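Several structures are given next for inspection.
Each of the two complexes below includes subunit A, the first together with subunit B, the second together with subunit C.
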Partner chain A sequence: MLKYIVSRILVMVPILLGIVLAIFFLLNVLPGDPVSLMMKDKIKPDVIDNLRERMRLNDPWYVRFAVYVANALKGDLGYSYRYHREVKDLIMGAFPNTVKLAFAALAISWGIGIPTGIIAAVRKGKLSDSVLMTFSLAGVSMPIFWIGLLMQYIFAYKLGALPTSGFSTLKHLILPAFVLGWSSSGGIARMVRANMLEVMKHDYIRTARSKGLGETRVVFGHALRNSMLPVVTMMASQVSWLLSGAVVTESIFAIPGLGRISVDAITNRDMPLLQGTVIFTTVLIMLSNLIADIAYGFLDPRIRYQ
Partner chain B sequence: MQSVLEIKGLTTHIKTKAGTIVPVNGVSLSVLKGEIVGIVGESGCGKSMMAMSVLQLLPAAGKIVDGQALFEGADLLGMNKRQMRSIRGDKISMVFQEPMSSLNPTMKVGKQVSESLILHTKASRAEAKERTVQIFQEVGIPDAQRRYNSYPHQLSGGLRQRVMIGLALALKPALMIADEPTTALDVTIEAQILKLMKGMQAASNTSIILITHNLGIIAELCSYVYVMYAGQIMEQAPVFELFAEPKHPYTQGLLKSLPMLGEHREKLHAIPGSVPNLASLPPGCSFCPRCDIATSACYTLKPGLEKISEARKARCLLYSKGVAL
Partner chain C sequence: MQNQEEALHADTALLRIAAMLRTDKKAAFGAVVIAIFILVALLANAVSPYDPYKIDLANRLGPMSAKHLAGTDSFGRDVLSRIFYGARISLVIGLLPSIIAILIGTALGLVSGYYGGFIDFIIMRLADIVLAFPSLLLALVIMYSLGVSLLNLFIALAVINWGVTARTVRAQTLSLREKEFVEAARACGVSDLAIMFRHILPNCIPTLLVILTLDIPEAILSEATLSFLGVGAEPPTASWGLMVSENKQFLFSQPWVAIAPGIAVLLLVISFNFLGDGLRDALDPFMSE
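Let's look at the complex of A and B:
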């Protein structure tokens, strides 16, 4: 198991380096010089040259890349032109908000999705199955911004029960987390149901029944764990999904999180900040994939004992 | 002698894309206490569906439409789910065809056995574990203590089938249904498993229904045999009599396809034609398209299962007047 984890981590290194290179390249070939952006037109050319020199903008790209990676390893992701603060500090300030949002959303999406999927699978073909699956289809197909606005309208504007924006209290978390979580719970429910139905066809389910186990024991004791295996893999892709969903959700509910600062970075052509957030997000997604792989190993002995 | 299981006129339907098929068509059989009864037939003739019907473990598309299955006098087919669960595993157990897929891949094999002990005997976890290790030793699993914690993929096919047999015999059931328990195993392992089953059966006086398409296995283990074809019993006889003098042309064909010990043949005789499609059976006798001695009457009359001697029956127009269609 340890060997398995170490090998997974070693594989991540070249992948991460490749991704950083790709991002670095993409953002550096875009037109729009940060110095001219900062200085507007009224500055003397030699000042600009001086600054370009200091920011190493005149060096070839590979030198800049090497310097960037070396600094990034030390935790220095550069300096945001727009906010005049360290990129690292900006990210660290925004990250906890996104984490809170993402975990709350995750809890909601799994809390709704898994039981819904199980119930629908066990009651396959019955009315409750159809009703649940229709709801989950609605969850899958409604865009986040639409649910977000709808929820704001109902709970904040009409009922006045919850705040529309900001992120100071737990109450502020409820609406955005629900919006973000709800939109992926439908997909999870459908997936759990499909896996469960697939697993229930296996021979070992028949063996379990042949022992005299009741249907509840068959479902929870034998089918559930096996049908959770693909769902765990989905969890990893769900993290990237949550992060991208957070961009929209954070914008709608004015939450100062990672999504918000990347949108700001794009609109302001704040390259160091954009680079920093993109790379940070990439690392997050890779880590979540790693965690999913490890969790998979724990659930499936065939992998654990390889 | 008292019979443990008495099946009368069991008929099971399965809904398929090609229409409703009848893989079990009016099957009657009885199993005496401590007896090993064989059911033999080609692939797809309904042997497994017959077995699943008894324990009501049919796939969702299957439905029992007629008949009785009297177990120790009570009709299994009339029982509710709870009554059925108390029978399964405890009174009647089953060993399945595929040792690879019949065990849960994410549960320790020991736990898969002790789970059943806990369910039916109200044993504590520790007691059940101890008993399971003991059972593993009885079915010849080496290093039983350690194997308790193995997962199925860590065991060979033979060991897995030993686990299945241990599971099936754990509670000393009155009846064990073994559905081709050795088909997936190679010949030496097959011999070991059969020997094990025979030994266990002798020790616990469990009755066995042994399903196979291998007449050699029947000859070795069983005392009475039913020959099944396209959902029906074609012939039934004490094993010795069946081998000495097969009455039904299908049985004769099956026996001819069996290689005899010490005999070298260039080519094994095989019954001509292919396994019947249950969705489009011929009218008249279902075997007649493949029968060497079929007459025109065989295509229009349905033979009944007639008594031909004290302990034998056969379904052929040679012995029966038949029913006009």
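Let's look at the complex of A and C:
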């Protein structure tokens, strides 16, 4: 098992380095010199030279990349152009809000997705299966920003039951979490249904039925347990989905989280902040992939020996 | 002989798709709706009741009426005409970058699977990197780097989405290159390039078709989302995502104007998903053959 975990981590390191290099290249090398972009020709050349020296822009890009990675490993992601604060502090301020939103959304998406998938699988081919699956596909097909606005209109404006935006109380969390959770519940439902149907074909299900077990025991005792395995791996891709979805959800509901600051960073041309948040988010996603891989290795011993 | 075998494959694939469209109501619904959207996009200047860019400040945020079937937006522009024109952007952004991404992925996957070794290693690590990146974030970074415009969004989507195709085509190439018909072609002295494109590629086409129908709705949603966030189409372009964003501040007074373009997105995306599901069901047993 230890060997498996170590090998997973070793695979991850070069990919991560490649991602950081890609982001660095796109944000630092491709757009050209940030100082001349910022200053145009309004400033004296010696001031520009001074600034270029301070920002290490006179070094070749690979030196700057090495310095960036070395600093990032020490937790230093640079300074935000806009807020004049450390990027690290801005990220740490926003991160808890995104975590709250993501966990609440995760609970909702599993709460809706898993039962939907089970019911659809058990009633395969019936009308309820078709309706539930259409409902799930609609969840996947709706733009998150659109459901968000629709929910704001219905629950905040028409019914006046919930606040439109902000993030101060638990009540503020309900609408955004539901919007984000619903849109990802469709994927879960489709996955659970497909796995259940796959598992239901196996001999041991027939054996369980022929033993005279009731359908409920067969479904919950035998089929469900075995069909949940691949769903564990789906958790990892869900983290990626939730963090991407959070970008939009946080913008609509004015939640000061990671997604919101990355969109703001683009609007403000705040490169260090954008770079920091994107790298931080990607690391989070890769870590959750790693955890899912390890969990999968624990749950299914066959994986470890491949 | 092998050519005959491949032709047969392509025929059976078409037959299965036709049979699927007759029995699978959802997929048929999807196909019809997509066809309608394509027609509307092609004939947008003929079917639109108004010029989608004509500002009429006297008629701002007008209700649905006989004159303006879907009302007018905050600039007094006709919403229905803008939705019709928006179909152009959504379809072009949905189709073209996805096709380019699939072409890139196919070429890389073929080379990777056929030659193996170092090239394979490099290509697959690149694919790992693209796949590990959440695509929305990568799109944001690319848009920052290249600047906000539809063309750059187009480039971003094409560059992001080749990973899945490359992996799938590589896997199929790995198994196909050991088959007798490939060996026979090689024995006859057919060049590597011809083997890859004439003998291996046709067998991958059903899979590629399924990947394409699943990539298109993703791309449409990405364009809508990025344009909504202000990192895609620029005003006054009639893009569905941008239309929602431009009118969201009037959500509580004139909700329809912000909601309507979203319905168009939902309808088009769910239609592609219905069709994609149907295609997968129809071609899946075929693909494992």
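The working rule: the second predicted complex is superposed on the first by the 290 of 306 C-alpha atoms of A that agree within 3 Å, B and C clash if a C-alpha of one lies under 4 Å from a C-alpha of the other, contacts with A are read in each partner's own complex, and residues count from 1 in each chain.
Heads up, the rule we're going with is that a contact is a pair of C-beta atoms (placed from the backbone, for glycine too) under 8 Å apart; a residue touches a chain by one contact, two chains touch by 3 or more.
Keep in mind it's a predicted model, so treat the numbers as computed, not measured.
Number of subunit A residues touched is higher for C, counting subunit B against subunit C.
When the two complexes are overlaid on their common chain A, residue A:L274 makes contact with subunit C while staying clear of subunit B. Contacts of A:G75 after superposition on the shared chain: neither subunit B nor subunit C is touched. Residue contacts after overlaying the shared chain place A:I266 against subunit C, while subunit B stays out of touching range.
Shared-chain residue A:P45: touches no atom of subunit B or subunit C. Of the two partner chains placed around the shared chain by superposition, neither subunit B nor subunit C is touched by A:P60. Subunit C makes touch with subunit A in their complex at residues 26, 125-126, 128-129, 132-137, 140-146, 217, 221, 224-225, 228-231, 241, 244-245, 248, 251-252, 255, 258-259, 262, 265-266, 269-270, 273-274, 277.
Those residues of subunit A whose C-beta lies close enough to touch subunit B in the complex are 202-204, 206-214, 217, 221-222, 225-226, 299-302, 305.
Contact residues on subunit B toward subunit A in their complex (touch as defined above): 55, 57, 85-90, 93-94, 96, 98, 101-107, 112, 115-116, 119-120, 151, 153-154, 164, 167.
Every residue of subunit A that touches subunit C in the complex is listed here, in rising order: 14-16, 18-19, 22-23, 26-27, 30-31, 134, 137-138, 140-146, 149-150, 152-153, 157, 240-241, 243-244, 247-248, 251, 262-263, 266-267, 269, 271, 274, 278, 281-282, 285-286, 289.
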